[in-house]
Structure formats: C-alpha cells, structure tokens
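Down below are the structures I want you to see.
Each of the next two complexes has subunit A plus one more chain, namely subunit B in the first and subunit C in the second.
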Partner chain A sequence: MAALCIALAAPVLADPSTPPAALAYTQLRDPAQEATAKALMETLRCLVCQGQSIADSDASLAGDMRSLVRERIAKGENPASIRAWLIQRYGDYVTYDPPLSAVTWPLWLAPIVLLAVGALLARQSFRRRPR
Partner chain B sequence: MMAEAGLAALWFAAALAALQLVMAALGLRAASGGPRASTGSARTEEQDAAAPTTVRAELVEGREHQDVNTEILTAVRPIAIVQGLMIAVAMAMLIGVFLNSDMSVKLVVENSHSAKPWLYKFAGAWGNHEGSMLLWVTILGLAGGAVAILERRLPERTLIATLGAQAGIALGFYAFLLFSSNPFDRISPAPADGLGLNPLLQDPGLAFHPPTLYIGYVGISVAFSFAVGALITRDVGPAFARAMRPWVLGAWIFLTLGITAGSYWAYYELGWGGWWFWDPVENASLMPWLAATALLHSVTVLATRDGLRAWTVMLAVVAFSMSMIGTFLVRSGILTSVHAFAVDPKRGAFILVLLAIYIGGALALFAARVGTVRAGNSFELFSREGALVANNLLLSVILGVVLIGTLYPIVAAGFGVQLSVGAPFFDKTVGPIALILVAVMGAGPLLRWRRDDGQAVAARMMWPIAVACFVAAGLVVFASIGILPLLGLSLAAGLAIASVAPLWGRNLRRTPLFTYGMVVAHLGIAVSLAGMASDSAFTTETLVAARVGEPVKAGPFSVVLDGIKPVVGENYSALEAQLTATRGDQTIVLRPQSRYFANPVTTTNESAIATRWDGQLYTVLGQPDDQGRWQLRLWWKPFVTLIWFGGALIALGGALALLGRWRRAARTARREEDARWAAA
Partner chain C sequence: MGRGMKRWMLWLPLAVFALLFAVVAAGLFRPADRTVRSAMIGKPIPNFTLPGMVPGKPGLATATLTAGRPHLVNVFASWCVPCIAEAPQLMRLKAMGVPIEGIAIRDTREDLLGFLRRNGDPYERIGDDQRSAVQVALGSSGVPESFVVDGAGTIVLQHVGDIRAEDVDDIAAAVRNAK
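Moving on, here comes the complex of A and B:
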C-alpha cells in the first residue's frame, strides 16, 4: 500500500533534502484566497502519511501539494477543478470527500437509510393511539 | 526470572478463567432444574422492589438455590477474585522487566531503551502491541474480581452467568496472548540495548490515555456480561438494569476521559492545531462511546419505566462489539494510523476469528433469547421516554454512519478500489444529525415521564429557543462564518440554558445528586460544542519565515522571535525558540522546540501553547531557510479549550450521577433492612 502510494506520488515527490516548495509554508496574501486554499487542503489526503490531510502534515510531499494548491488558487482556479485534477492524477484516494459515483453511492445513502430504518424501529415503541 | 514468573502468572490466570467458565456453566445447568420460574420472579421484583414480602420471597428463593449447588456456585466468586490477582501479578512483572530494562526480553528490546526517562519505561510497558493486550486483560480480570466482591443486588444465578461470560471473554484474550503475542518472550543473545520507543508516544499522555480507554472498554464488557447473564437466565428487567447501570456509567466516564485526553494529546503533539482527525482509530474509540451513551440512556428507561428491554440488551451487545472492534482492528494492522504500532499481519487471522466468535456468539445468543424477552412498556411520543428513544435512535444512526465511514475504505480496498473517507464526509453526515440530537437533548430533560403536553413543553423551552435565536442572529450580522459552526454556536447557547433549566424552581438542596449529574453532563456537551464551533469559525493561522527580532501578527497577538538555542533533554537534543507574544499590556514567553531523538531516529515538533481565558496561542518551530530565517507556525484559537473543558464536565457529570445512584441504592438497601427487622 505504502509502496503504491509512493509510486503514485512520484511526479511531485521532492527529494526531502531540497528546501520545501515556495508556498508549502507560506500563506497567500489575499486572506479570502488563503481561506479557500486552506479549506481545500483540509480535504486532501497526504498520500505518504498515515491518515493525515495535507493541511496538517510535515511530510515534504504534503508541502509540495500545499504549494500546488495555493499556486492554483492564486491563479484563480476554483477548488472543485483542482480537486478534479488531483483525482484524475492520483485517483479517488487523494480526496477525503469521496465523489458520488457507482462505488460510493451506498456510502452517501447510508445515513438516510439508517435514519429511515431507525424511525421505523422507534415507531414500534410508541403507542399507536393516545389514550 | 521476572519474565518467567509473569508468564507463569499468565498461564495460571488463563487456567482459572477456564475453570471459572466451566464452573459457571455447570452451576447454571444444575440450577436450571431448580424451583425458580425466572420470568415470574422478575415480575414480582419489578412491581414493588421495596415491599418487605418480596424481599423475603427473594431471600427464600436464594436459599433454595444455595441448597441445590452450593459448592459450585460459591466457588465461582473466589475463582474470579484470584484470577484478577494472578493477571495483575503478570502485568506487574511486565512493568518490572521494562523498569529494569531487561534486554533479554524481546518486547523490551523492541520497544524500550535504557536511557529513556523512568515514566516512559513504566508506561512503555503498554506502549506496544503485546503489553497493551496484557493491560486490557488485566483490567478485565480486576473488573471481574470487583464484580465478584461488590455485586450483591443481582440474583446469584444471574451473577454467576455474568462471571461465566466474563471468563469467556478473558479466555480469548489469554489465548491470543499466550499463543500469538507472548509479552514475556526471551531473546538470545541479548543485545546491548533496545531500539527505543516512538518519540510521539514519549509523553505523559501515554501513562494516562491507554489505561483510561481500556478501563472504559472493559467496563462495557462487564455491562455486556450482565446482559449475557440476564439473557441466559431470562431475567431482563428493571433489577438487571439497576445492576448494570453503574458499570455502564463507570465505563462511560472513563471512555469520555480517555477520548478527551487523547484528543488533547493529539492536539499538542502533532503540531498542526487539529484536535480530531476522523482517523479510523479515533473513530474506533468514538464508536464504543456513542454506543455506551445510548446504552446509558436506554438503561435508565428500562430501570425507571420497564421499557426498551430488547433494545437495551441489543445496545449492550453492540457496545461490546464496538469495543472489541476498537481493540482488535487497531491491533490487526488493517487500519493505518499512528496507533497501529507493532503491527503484525500474521495475527490478523487470530484476531478475526476472535472477533467472529465474540460478536457472532453475542448476536446468536441475542437472536436465540430475544423472543423470551417480553416486550416492555410502550410510550407516548411527547414524554421523557419519547425523547430518550429519539436520543437512542440518533446516537445509533451516528454510530452506524461512523462505522460505515470507517470500514468503507477497507471493504472497497478489498475490491481493488482505493478511496478515502474523512472529515468532509463526517462533517456533512454526522454534523447535521448531531445538531438535531443537541436540539432533542435540550428538550428531553424538560419533558415529564409518561406523558406531556406539547404546548407546556414549548413554554418551558421558550428561553433556550430565544437565546439560540438571539445568538444565531448576532452571528449572522456580526460574523461571516460557515453554516455548521453557526448552528453549533447557537445550539450550544440554547443547550447551555436548557441543560440547567431542570434546576429552575427546584429546591436545590433537595435535588438528587444524579439530577445534578445530568445537568453537568449536558452542560458539558454545550460547552464542548461551543469550543468546537468557535475553533472552526474563528481560528486565525499565521505561517511565516521569521527573522530574529521581527514582529509577526498572530490573531490579537504580536509575536517576536527572540532567538534560537540548543537544549539537551534526557534522551533527545533540541533546538528551542524563544518567542515573546504581546497583546495590549499582556506579555507571554513561549518556547517551542524541534526535538531530535537518536533511538529511534526521529524529529518531532514540540509545540508551545499559552492558555488564556479566551483561547490558546499555539506556536510551532519549523525548519530554518538559507537566508537565516526560521519557519514559524502560529495559531490563535479562541475558546478552543472549551472542547476539553466540556469533555471534563461530561465526565464529572457522569461521576456525580454514579455517586448519586450509589447513595440512593445504599439508602434503599438500608430502608429494606429496617423493613425486614420491622416485619420479623
């Protein structure tokens, strides 16, 4: 699994001894843009870490991905298209917000189904007619 | 010597557990031919527990059972006690070899180092796979002994069945330890020194977080054993609920503390200001908590109104299954996370078999016996019971969503699909349901048992609703924040008012302690929710490459890097920054470190956090760049501390409720005693 991730990540995986990418640890000037970038980063998975988003990882790959997100946001690209680009490149594994698809619809439907089943079960505990 | 003594104690304890299981089974079989029709007696108990005649009838019945199989039944209690002592000896021996840094023991070599500080040698005994499993079963054994010593309210038969179930659970753990995870294995030749402990774990949190969580898990397993005992003896009723309640409450208090402590540990240790990551292992600790919270409320309905019988037993089964999943999945290595230390895929099969036996067995017993559990009372929608049913429904749905969200990527990976489920999914699904639950929580305690009037409830809810709307309006006008934090803050304000409302118009000195417990716990939820919402709405982040002496802005503070100096710790060397933060005439000095550990080679960020009444200033030292500047990460997090303060309040509320119930039970027992004297 880890080997697979690293293989997938190779295109942006920088040598750790080189200094971090320009925008890895530097915020964008425009606070609104920075907030947008930050919100997106929190939903992207650091591919070489153990269950962390790129917004809270010290791994150099996470730094590179943060830099990439900030650059593209600064250029005016919208978050959805950046996410789509990353998914195209690294697969669904990169996003913590699984896109609705043939594989993920049971996941997204689950809460609604559970609520409905729960409501049906709970009805049994209630009296049909008030006395 | 110590390692061998520990292993011997472990074998003894395992043998005693087997004996305990067999004796309980034999005793119950012998007793099942006895004169007692258990459903009938359950009915008399629940109708009037305080009536002296019932008490006498129970005593007579108890005596008859004693006659049938005195030897077998009376033996089970002492066996449970000795088993607890034996396993405690084994754990003490393991701690002993860690403290002595006995490098001929494999586990010590792999997880310790002679230069490690004392506390981490001690706590390091359970900072690894084998040791943590031994700790688990030690707490289980001690809890079994405690049940054997303390429990006097249950009919003897149910108690023996309970102890039998406990022994059954323990046996699986003993087998797992002895056959695939022996903590006392020797290594030959012994190396000069050990490999050391993961520096992320070298924190006082390690001494506190795992034992607390495990006590919680084990408490749930005791509650589950009670449920098994009740199912086997067909004795599900208010008496069973009252006997089980303190264990559920106790387990829930420790789970709350363990999760709260773990969250704060992750917050200051990981160095990015996050306090909950929806990491699979965090979810694995959250799920038993959710189930225990639901169980806590349904057990109250069962004890008070004799309703939700099958449901309560089912919840006990679910809560136990969740704690098993929590314990084993983390250890199996299926989940990748910081918690998956010492992962060995060969153990996976053993673990899956154990999980299948326990959960499958519990569900099978439930399915076989649920037909004999009479349907409990049914309820009005507008009543305290109705609100508690809603509470159970919503908590169970949240539990289901968290479970599915946690397991979905694992299952998908089994089909060759790689995907991630994280914070955005849980925020969108769990978030709204949790907020509905908060609204119900505000109303629930203001409803009367049995039946209430919708209009009267609305009148009682007027102030909480008004405050929530007022806060929401204020936030919409003065702050532009996301919808979830907005609703979170408003509902937290409303809940804070609603949770203390049950005390209005009451004589505060005559209000029972467990009512205070409920008030404090619900208030804790409001406080914690306010902290979470405030953190996600108002946190300001500053990432800079700072020159010495150059001021940087972080929220309301101006922060200056005064300088960097090297520091040597007991088993690490570090670079320490000195930061001076000023706000108005307030000055704070912070010293974040970047630590370098040699055994094993790791660099960690040690954040420096300043706590003020209105929030925390969180500072982390990063890497230098080629122009002599230092990377700093600074966060101002308004009211973030409320998250953990709320968690502590929730646990305190639980403790007050436990104390209150215990005092009332003691008083009732005294009154029964008096009544018996009067009758005699």
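Moving on, here comes the complex of A and C:
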C-alpha cells in the first residue's frame, strides 16, 4: 500500500519549469569581461540560499542575477555600479564585500585591533625570556 | 607585571569563554531574522514594462502604478506552493475593493491559466517577468511577496511571504491610507 502511495504521489513542484536565462550558465565571449563578471558574482549573495554567492547557487533567482551581471558587464558597466544598484534594492546584505558604515566598522577594525594586541603580547613574552 | 595583574590575567581566558558562550547561547535561543527586506520602501517604483501573458488581461507597466490610485502589487508564480495558500486572501482583498496587480515570475501561459482556474483570479493585470528582472528591481527575493504602492507610485510597504487571514485587514488599511 505504502509503495503504491509513493508510486502514485505526484511531486510537489516548487521550482519554475521555464528555461534558465541566456547568460545564467553561459560565459561571456570576452575572457576579460567574463573574469570581471565572475569576480563580482563571487561577492554577491544569493538571496534564496543565503550562505552562498550567486556564482555558487543553482537557485533560479541566482541564475537570473548572474545573467543580469553578465549582461551589464558586456554592455560596459563597471562592477562597482552594478553592486551599488543591487545594494539600492536589497541593502548591504546582498554584498559579501560590505562597505564601511556605522554598522560594519567593527568588521574592518577588529582584525587590526587583534593584530595590535597580538604584537603587544608577542613583544612582552619575548622581552620576558631573552635568549 | 605585578602579582595582582598576573592573578587577574589567569581568569581572562575563562571570562572570554563565558562571554563567547553567552553570545552563542543568545543566538541559539533568539535566532536572527533571515528575512531579506527590500531597500526600496519609500522610493519610487522602478521603471518597467511587462507584457501580458493571459488572454484578455493586460500586462503591467509603471504608468499604471503612478496614475493616482494606490495598488497592491503581488509577486507570485504558479509553481509556488505558498501562493496557493495566499490566493483566498487575495480574493478577499479584491472583494474589499483593493486593486491587485500581478507580476508572474518565470511562468508559462498554460501553468498560469491552470493556477488562476484552480485558485481564483484577483488580478486586474498580470505582467510576465520571465527573467525575474522586475522582481530584482523591486528588491524582492522570492515568491510570494506583495508591495503596497501609493497613487504617486511610491512603494510604502512590503509583505514578505504569503498574506495570511490575519494580515488582510492591515494590508487593506495600508492600501486605503496610501492615497
């Protein structure tokens, strides 16, 4: 009975059946442009599977965003302006390269502070036990 | 370093551990909200023109949303399961006199017609967004999502996820107040 139920059960489709966007899985012809696009895609967050970049994700929205990035790069737009356009839509959350702001300054400052503390500790322990 | 200082330093790792433990425990009991909200609230609706995809129903363009009447713009798809749950609430909003415009994400005509036949059709217009371009321009990250747009075309509210029975009155009020 269980086997029959499984055999008869129709899968619930929760993904579009439409084909992916033209440049979702196709590289740009110009290798330099493709490299620029790829570098940008790796720093943009997939908004569906939030731990991944759009370069890594197979979500249909990520595919559409890759296509958008490649189309705009092919038209000669620079990566910074594409990133700014997306930040305007989704906020800083969309980028893995967060701009320095009131909320993000600890991210930028913490490594420097930690390095300084480390250097201080190292200096003191070397001074204590000189060779 | 003095003796007192050294004794104090002895407790430092434990204190740091306790602090880290507290941070992690707080995250465990009160997980962060992972909803991606649009940054377009309070901004004018972006410029777009989407063709129609259902016979007898026009597509959707910015001009419709800036013509002086507030609207509820519903981003949906026939392949989206929560959209089925949301459909009766949209029918209720329509019955309350809320003008509803649809943006169909990556849909086919046949699938969409079947969806409207099964779940009802609350839409005045449905725009065909094959490449999620308008969805991204709106700062929407999934289906279903709904935006209240005032008569001048400014986005005043975003509802992420399906509109439930308890949300209907608030959304109807937001559209009424969005003159």
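Throughout what follows, the second predicted complex is superposed on the first by the 111 of 131 C-alpha atoms of A that agree within 3 Å, B and C clash if a C-alpha of one lies under 4 Å from a C-alpha of the other, contacts with A are read in each partner's own complex, and residues count from 1 in each chain.
Just so we're on the same page, a residue touches a chain if its C-beta (ideal position, glycine included) is under 8 Å from a C-beta of that chain, and two chains touch if they have at least 3 such contacts.
Just so it is clear, the model here is predicted, and its values are computed rather than measured.
Engineer: Classify the contacts of A:Ser57 with the two partner chains as first (subunit B alone), second (subunit C alone), both, or neither.
Structural biologist: first
Engineer: Is it subunit B or subunit C that touches the larger share of residues in subunit A?
Structural biologist: B
Engineer: Quick check for you: in the superposed arrangement, does A:Lys38 touch first (subunit B), second (subunit C), both or neither?
Structural biologist: A:Lys38 sits against subunit B, while subunit C stays out of touch.
Engineer: For A:Leu68, is the partner it touches subunit B (first), subunit C (second), both, or none of the two (neither)?
Structural biologist: Touch status of A:Leu68: second partner only.
Engineer: Which partner does A:Leu115 contact after superposing on A: first (subunit B), second (subunit C), both, neither?
Structural biologist: first
Engineer: Let me test your reading of the model: by the given contact rule, A:Tyr96 touches which partner, first (subunit B), second (subunit C), both or neither?
Structural biologist: First partner only.
Engineer: Have a look at where A:Ser81 lands relative to subunit B and subunit C in the superposition and call it first, second, both or neither.
Structural biologist: neither
Engineer: Identify the partner contact of A:Tyr25: answer first if only subunit B is touched, second if only subunit C is, both if each is, neither if none is.
Structural biologist: A:Tyr25 sits against subunit B, while subunit C stays out of touch.
Engineer: Does subunit B (first) or subunit C (second) touch A:Thr104, or do both, or does neither?
Structural biologist: A:Thr104: touches subunit B, not subunit C.
Engineer: Tell me the contact category for A:Phe126 with respect to subunit B and subunit C: first, second, both or neither.
Structural biologist: first
Engineer: Residue by residue on subunit A, keep only those touching subunit B in one complex and subunit C in the other, then list them.
Structural biologist: Of subunit A, residues 50, 91, 93 contact subunit B in one complex and subunit C in the other.
Engineer: Quick check: in the complex, which residue numbers of subunit B touch subunit A?
Structural biologist: For this pair, the touching residues of subunit B are 270-274, 277-280, 307-308, 311, 336-338, 340, 378-381, 385-386, 389-390, 392-394, 396-397, 400-401, 404-405, 408, 412, 417-425, 429, 433, 541-545, 605, 622-623, 625-626, 631, 633.
Engineer: In the complex of these two chains, what residues of subunit A are touching subunit C?
Structural biologist: Checking each residue of subunit A against subunit C gives 12-18, 21, 47-48, 50, 60-61, 64-65, 67-68, 86-91, 93.
Engineer: Of all residues in subunit C, which touch subunit A in the complex?
Structural biologist: 34, 36-40, 77, 79-81, 105-108, 111, 130-133, 135-139, 141-142
Engineer: Can you list the subunit A residues touching subunit B in their complex?
Structural biologist: On the subunit A side, the touching residues are 1, 4, 19-20, 25-27, 38, 42-43, 45, 50-53, 55-58, 91-98, 103-104, 107-108, 110-111, 114-115, 118-119, 121-122, 124-127, 130.
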